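Let me give you the structure first, and then I'll get to my questions.
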Amino acid sequence: MSDETRIRLVEALVFASAEPVREAAVADLLQAKLGEDEAVDARAVLLAVQALYAGRGVELVEVGGGWQFRTAADLAPALTTVLERPRRLPRVAMETLAIVAYHQPCTRTEIEAIRGVSLGQQTLDQLLETGLIVPRGRKEVPGRPVLWGTSPAFLQRFGLNHLRDLPRREELLVELPGAVASSAPGRGEEAEQGPGADARDG
Amino acid sequence: MSDETRIRLVEALVFASAEPVREAAVADLLQAKLGEDEAVDARAVLLAVQALYAGRGVELVEVGGGWQFRTAADLAPALTTVLERPRRLPRVAMETLAIVAYHQPCTRTEIEAIRGVSLGQQTLDQLLETGLIVPRGRKEVPGRPVLWGTSPAFLQRFGLNHLRDLPRREELLVELPGAVASSAPGRGEEAEQGPGADARDG
Amino acid sequence: MVKAEPASDAGPGAASAPVSAAPMLQLDGFEGPLDLLLDLARAQKVDLARISILTLVEQYLAVVRSAPVGLELAADWLVMAAWLAWLKSRLLLPDDPAAAEEGEIAAEALQERLLELSRIGEAARWLDRQPQLGRDVFPRGAAEQLREIDRSGLSLDMGQLLAAYMAACRRTARRGVYRPRPPSFWTVQDALERLRRLVGDVASDWCTLEQFLPSPAETPSNPHGDPGWPRRAALAGTLIAGLEMAKSGAIELRQEEAFGPVMLRVSESAPEAEAA
């Protein structure tokens, strides 16, 4: 089988699916087509497909442990005028999500301790509805509170392949003094995220 | 807006849309981006995207009044996973098959006598199609009806070496003579059987 | 709820917002006391790890004291204020070394909490900057189902075959049993015929009705139930036949007492009536 054929096959396979396709599934397909004797390097083929789409309106990205075609991020403003987009998550929800992401698995009390305020039902509902957090068992303390963690949908939504793709805590810290003194102005989001300008969550 | 940007935008739009995208929708999107002064040739852009994908694993095709990405026709068979969902024989066919197995060689009339209802041609055709029953000559009575028996395929499909490996009738129906004497009248099935359906258990 | 102007000046980007502007803040613009503390700490424009806790406490207490909402402040704001006042007293007036140490530990804990909250805020902003699926980037809208269902195969097993056979056999077996003939008794019609045939020969004088009953051999047998039924049915049939003939005047009937034997004889004027 020619390299070209492999690329086309893998391209078609991943393109057909709306969900990320696991590398193992790609390897299986290639192996089935090639026979057992030939060695299969699914990742190499995927990277070749990725290269093929570099700079195009549609890109191949590795997210949530699989490969998925997505529209290029820079086209968002134009596309969202025609495509339906969900409401953005309010700051409280984003912060709660960040706490769960960095402290998982953690209980509601732990989340509240970090933010210093109680966690509103609305915020919890929002996060559960979007499927970004999921229960991960219970903590073996009196009351056995639910432990929360992030879901695969969380990785997919934020374009992460693994949880370890999140910035390390130290990286976040390093940015801080800078953020206070000279925090990258010019970043659009930065300005509107300033604590002073923030609108409260319902 | 550069041609390149137009192509990327349209590519992303068609990719992300759940339905085939009509040319008018493409034109609207482009017009919104370009401003009213510039002329928009949506079709030209779509054809450019199509050209970009020519020979790839995915193709841009015009379907049902709109444009949509589709897996390249030559790859579809390779990517299609066939799921085998074997069907079951309808009850009538199964009963008929069982009667043939136990009473072979037997005529249609004999089968009908045992089942107590007439045997549709459709059922017989169905069984013949499966190759599980075969004609075994004719009975030398007026009309010379066909005698039916099971085929070697029947033995194979049921994992039998010989017909005598089937459980004997007496082993299956030990309770039948008792049932004759003691079974209560007024059962549901009783009602649905017309007086004419009466048949002798051969 | 958006805060008053001085508050937005206090944001991280603001160059020189005087801390004194803080009292103008609407406290419920903040997500709790920690949020306000973090904001105040940022306004000090030093490394969060080196902020002056004392200054911070002063600022917080000043804000809370002058808050427009006054005593209507939520409990957590007041608890934090009380705790900070205590912390300030420990830091300012360490009456003994143990208390001083206690104060420092508490100050460090506060600092660490502010740092963590700050990190979380940063992480949240980082997440929000990522191109988000469904918001900034989109997956394939019309996914293709490259799957085909093949239903040509047959699923056969011995259990099915045997169950089907038993079902067929049981059905017909049951039918043989469940279809008893309706019991046929000696009918009035039968009795009428028999009476007409016999009455002329026998009954010129009174005889009992029983004499005209059919013999057991002639009575239809009834496999179900009481063996006496056919006999009683024949008697009833014969009585009705007798009444019928008496009505037309062919015979006369007589019964001496209730439940006594019914007597019968040919009527004196029978022949004409019979002919009619």
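A, B and C are the chain letters, set down in written order, and residue numbers restart from 1 in every chain.
Note that a contact is a pair of C-beta atoms (placed from the backbone, for glycine too) under 8 Å apart; a residue touches a chain by one contact, two chains touch by 3 or more.
Quantities reported herein were computed from a predicted structural model and do not represent experimental measurements.
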item: Nearest-to-centre chain - CA centroid comparison; value: C
item: Pair of chains ranked first by number of touching C-beta pairs; value: A-C
item: Rounded Å distance between chain B and chain C, as computed from the means of their C-alpha atoms; value: 33
item: Centroid spacing, where centroids are CA-atom means, of chain A and chain B in whole angstrom; value: 41
item: Length of the line joining the C-alpha centres of chain A and chain C, rounded to whole Å; value: 37
item: Shared interface positions of chain A, touching two or more other chains; value: 13, 15-16, 69, 71-72, 79, 83
item: Touching two or more other chains - residues of chain C; value: 138-141, 144, 146
item: Residue ranges of chain B touching chain C (in the complex, touch as defined); value: 12, 15-20, 68-71, 76, 79-89, 91, 94-95, 97-99, 101-102, 113-116, 130, 157-159, 167, 169, 172-173, 176, 179-181, 183, 185, 187, 189-190, 193, 197-201
item: Residues of chain A that touch chain B when the two form their complex; value: 7-13, 15-16, 29, 33, 56-58, 69, 71-72, 75, 78-79, 81-83
item: List of chain C residues in touch with chain B within their complex; value: 138-142, 144, 146-151, 153-158, 160-162, 164-180
item: Chain C residues within the chain A interface of the complex; value: 1-3, 7-14, 28-35, 38-39, 42, 45-48, 76, 80, 113, 115-141, 143-144, 146
